[in-house]
Amino acid sequence: MQLSKPVLRPPFNITRASHVVLTVADLAASRRFYEEVIGLLLTTEADGTLYYRGIEEACHHSLVLQRATGTPACRRIGMRMLSEDDLADAFAFFEQQGCAPAWVEIPFQGRTLHVTDPTGTPLEFCAHMPVEARQITSFASHRGGCAQRIDHYQIHVPQVPRALEFYSRMGFRLSEYIVTDDDQLRGVFLQRKGNPHDIVFFHGAGPRLHHVAFFTPEGQHLLKACDVAGSLGYGRGVERGPGRHGPGHAMFVYFRDPDGHRIELFNTHYQAIDIENEPVRWSVGDPNVSFPWGLPAQRRWFEETTPFEGVAVREPEPEPAPLTLERFLAEQAERK
Amino acid sequence: MQLSKPVLRPPFNITRASHVVLTVADLAASRRFYEEVIGLLLTTEADGTLYYRGIEEACHHSLVLQRATGTPACRRIGMRMLSEDDLADAFAFFEQQGCAPAWVEIPFQGRTLHVTDPTGTPLEFCAHMPVEARQITSFASHRGGCAQRIDHYQIHVPQVPRALEFYSRMGFRLSEYIVTDDDQLRGVFLQRKGNPHDIVFFHGAGPRLHHVAFFTPEGQHLLKACDVAGSLGYGRGVERGPGRHGPGHAMFVYFRDPDGHRIELFNTHYQAIDIENEPVRWSVGDPNVSFPWGLPAQRRWFEETTPFEGVAVREPEPEPAPLTLERFLAEQAERK
Amino acid sequence: MQLSKPVLRPPFNITRASHVVLTVADLAASRRFYEEVIGLLLTTEADGTLYYRGIEEACHHSLVLQRATGTPACRRIGMRMLSEDDLADAFAFFEQQGCAPAWVEIPFQGRTLHVTDPTGTPLEFCAHMPVEARQITSFASHRGGCAQRIDHYQIHVPQVPRALEFYSRMGFRLSEYIVTDDDQLRGVFLQRKGNPHDIVFFHGAGPRLHHVAFFTPEGQHLLKACDVAGSLGYGRGVERGPGRHGPGHAMFVYFRDPDGHRIELFNTHYQAIDIENEPVRWSVGDPNVSFPWGLPAQRRWFEETTPFEGVAVREPEPEPAPLTLERFLAEQAERK
Amino acid sequence: MQLSKPVLRPPFNITRASHVVLTVADLAASRRFYEEVIGLLLTTEADGTLYYRGIEEACHHSLVLQRATGTPACRRIGMRMLSEDDLADAFAFFEQQGCAPAWVEIPFQGRTLHVTDPTGTPLEFCAHMPVEARQITSFASHRGGCAQRIDHYQIHVPQVPRALEFYSRMGFRLSEYIVTDDDQLRGVFLQRKGNPHDIVFFHGAGPRLHHVAFFTPEGQHLLKACDVAGSLGYGRGVERGPGRHGPGHAMFVYFRDPDGHRIELFNTHYQAIDIENEPVRWSVGDPNVSFPWGLPAQRRWFEETTPFEGVAVREPEPEPAPLTLERFLAEQAERK
């Protein structure tokens, strides 16, 4: 199987996953969940929009919640570039790729570039935000899971290889991947910031947002977030975990927010910088992929996602030996 | 509903849950599990028997594993008495109750009293064991879940009220209990040592041993035990949790040992000493009884138990509105 | 050396350390410290008095702060009895001992008995308090060190053997003790509730209160209390630790409150119930008594204490080879 | 005060602190300390040399211990480059700077470049090492502090501004710094890998190595490392902490190894990627620089260091208002 090689000197410098924009029905309900359970800090509330950041983050926002009616959706996935020069270089690149880049004005961000990637995922890039004080040592004000910073997104797309190819050209490195027995890619973990993932693509109808993940300092904070969730009536929203991932090795918990958006808290990253580290290969049939220990995820964890606003969802194209949800669940059930 | 009042000056002084005797097929397999995952310390191996204690325990054993063929079973549930005088007083009491007490010689225990309680559960009592050095500060040798000491047993019996009545006369206090809407007792948590439980009885065919519980110092040790279990191939044996109990408030994980015996690790006890504290009442329909957060237990957690060796199992007697497993699982499934 | 044997059936049943009454200059300053750093819960504020309890405690109070001018002092050390009958039996005992017992009325306590023990320490006993809801699972409201419950007191007295003798007659068991090379007692750890200490006596001018200790669930809560203290300007009040005790094995931190009263947070208790466990002997010259690891305590930790209000302090009587603070500090300094 | 601006496109790509080479007297003594207390993994032992790596590291070594007689010393500080091309570009750069670069052969490393920086610190650079399996999920084999990966070095040098200037030209970014009241630089925290430090320079006679720091996942691992150290007889080697740093915000403990080399374990990093984040300024007189809470460091923490083998030590040059150790200690003592 031929996987893309890392591009050592990419055409522009994307530095990290930056922020996500979600629509929600009730800002007050969202505030209670994100502040008490997840432990994010409200930077600003303006024009029906809440801007949140993690307790260590000096950027203005990593989670943007916008009040809207209709099906809750994701409006944009954001990435940071190092400098304005990188943004300019990226515009040229995306234009050449036929991605229809556009400059836009976004509150509390520097010059911002909108692009739709070949999987249909709506992206935005910027190189600046207003600087806020890090609250990492404001210990008396930390709440719930103490979400420290945004880490990565997981997106379902019908053609994982196309995503891998495009993001590799932008300089993303493949850290881990999951394949079927006949070498069909089922998942790719891609990164820029030197640990396992900034963005993850999984095989499925898409593009759809599966979850946004925030890094949390310790295992105890995952347990605390669960306990706070349980004590405030969000117990049913603890959808999966605490458990341990195979790929990436992190301990995790998945929550559903009041609008059904899925938030992962996790910890225990490893560093992924040296270029001699080959991507880690996982077989989709390996039970350690999902469940080194702990209960299998509930069916809704596999099935339910957040749509991208205004973006059509395409089914995966036919392939020799498709992994169906039924087969996957059946295999897991047998194993347990 | 009339619940037994605590007997302030009981006829003899039972001090605590003491030890359990289980049969196993393969001592080497048991050793690996109990030493690496649960973190118990081997005090002695003699005559096809392993004697284990927790890292803080100064007593010779709290878990006894005896090699045997056939269905793995529990031979005895052990309780400690304060003194030899208490043992003698107990003998008289049990004789009067028709429990057929008998003095027996047991290795590594002082004079030992065998009794079968009215639920059919085989008990043994002693007031002395050889004293071993506590290993609580031998930090370099602690393993897995760092099981600190034995805490309690859970037994399924067809008549919970009879168990409550008999153990109350022996001086056990009721700390928490679970009832149906029409006030049928479904579970009682009984204690002598000043925290929520030394022995727990639940409604069901019995007597059968549901689990033995060891106290572990911190939430991190529950996670560590799961991680060690997963990394050594016992991942499937992590049967339920990590999660948070309603009654007793503890964080817990349930493991199945290589013979299928169920071991609970838990932490976060509260003190229960003052007599003005009324027993805590839980409704069996309250979702917080089992799952303030986290996934419902798997079916096998409800169904599978360890038999008492040579003890017949009786079904619960008919009652107006029985809680069936099917109804319980169905209710839980609806809730999730 | 002849140490008292445990009295298996004492004249009355003291169950545990219960509460302490301290005077403070500024209730608002005390509130901020005890609620944010220590994590106690305010049950009631009435008549210039704050009544606090730990997050698991169902009793009305374990710490009572009374506004007063003058040198901050301790008014009473409180112990619980099991029942009213025990209180009555105790009255007779203390009268016979010449301790001048007196019945008093105290808000939020049942009938209360005042006594001065032979060391001059003012005690009070009661068997009842109003019952409050345990807040152990109100996770969103837990603060700082999450103090769970009161555990013990440490008192300096000029004649440790006299304290040991008197408390043993009341049914306290000696769990650990510290002696000089010529077998002079320097410290005794005495308990009723089944773990290492309810009250500790150390050799020195007295009676004076060295500290009150609250149990906290995990090592992380000790670190959190320090971090909150540092972030709120109480950093200088972190007087000793985090460190590990020799006797009792607990991990600890000592704080000074705004009036200079010393509060210990600690965890990692062991159970001490079986009567065959001999008291643990420590030599005062053993460096592991105080410092298995970590920096030596500051001089003020040895020298500064809280006086008992209106109680004269006596110097220790002469003895063959006195342990002076200077000698002790010099020995420690050499070792480091 | 004029601080260097980050060089966005440096002449070559140094990616991270990589490894340190120390001499030790007794390999067996070193093994016990580094494996049991610090928790490093031995990759290879060859020719009187131990090669260690952290539990997550896929590189062959991050700590190299070489048996030698005489004063224990540091032979080299290692940095990683991204690629062989970067190494070649660096050679040219260092030649131009008069740093006398030299290609050398080092076991278990790709082509290696030796350089002495303007402060006299002996550096080595490579772009490749043999790849080893990460052991981050081999939970049953983790020991002591579970050191996860190397993070940074601290070096004392007589001219901090010269170090800042040279490392900035190599692409290091200044994350935090400490200055006197008259703006003399006392400490600079420099980084390449996106968190606060790969190398730190402090003002003092030098060049001398103050410590090497390993990242550890959680606060509990710092406590565990202390407990293991205490239980194995290394208690005196717990030189400072657990405590919380001002700059960098990390929780830390400093250990002295059997040869006196100082090892820091710490956790709680923040991400430092966005270029709009200005370096954080600290005043040397601010008590929160060193001690937001906890005891002041012992004198030996300030005075004792590891020499670089064969490198002469120069005293700091005269300056208007020198910070002497005596003044610093005196100020700290007053504060406590």
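Structure notes:
Just so it is clear, A, B, C and D label the chains in written order, and each chain counts residues from 1 on its own.
Criterion: a contact is a pair of C-beta atoms (placed from the backbone, for glycine too) under 8 Å apart; a residue touches a chain by one contact, two chains touch by 3 or more.
Here the structure is a predicted model, which is why all the values come from computation and not from measurement.
A comparison of the C-D and A-D interfaces places the larger number of contacting C-beta pairs at A-D. On a Cα centroid basis, the chain most remote from subunit B in this structure is D. Taking the mean of the C-alpha atoms as each chain's centre, subunit B and subunit D sit 50 Å apart.
Put simply, the C-alpha centre of subunit A and that of subunit D have 33 angstrom between them.
Computed from the mean C-alpha positions, the centre of subunit C lies at a distance of 43 Å from the centre of subunit D. Multi-chain contact residues, meaning those touching two or more other chains, occur in subunit D at positions 137, 218-220, 227, 230-231, 244, 292. Chain contact summary for the complex, subunit C toward subunit B: residues 8, 15-16, 56-59, 80, 82-83, 85, 127-129, 131, 134, 136-137, 148-149, 193-194, 217-220, 244, 249, 267-268, 270-271, 273-278, 292.
Put simply, subunit D touches subunit B in their complex at residues 36, 137-140, 143-144, 218, 220, 224, 227-228, 230-232. Interface residues of subunit D facing subunit C in the complex, by the touch rule stated above, are 219-220, 223, 226-227, 229-231, 234-236, 238, 240, 242, 244, 251, 287-288, 291-295, 298, 335-336.
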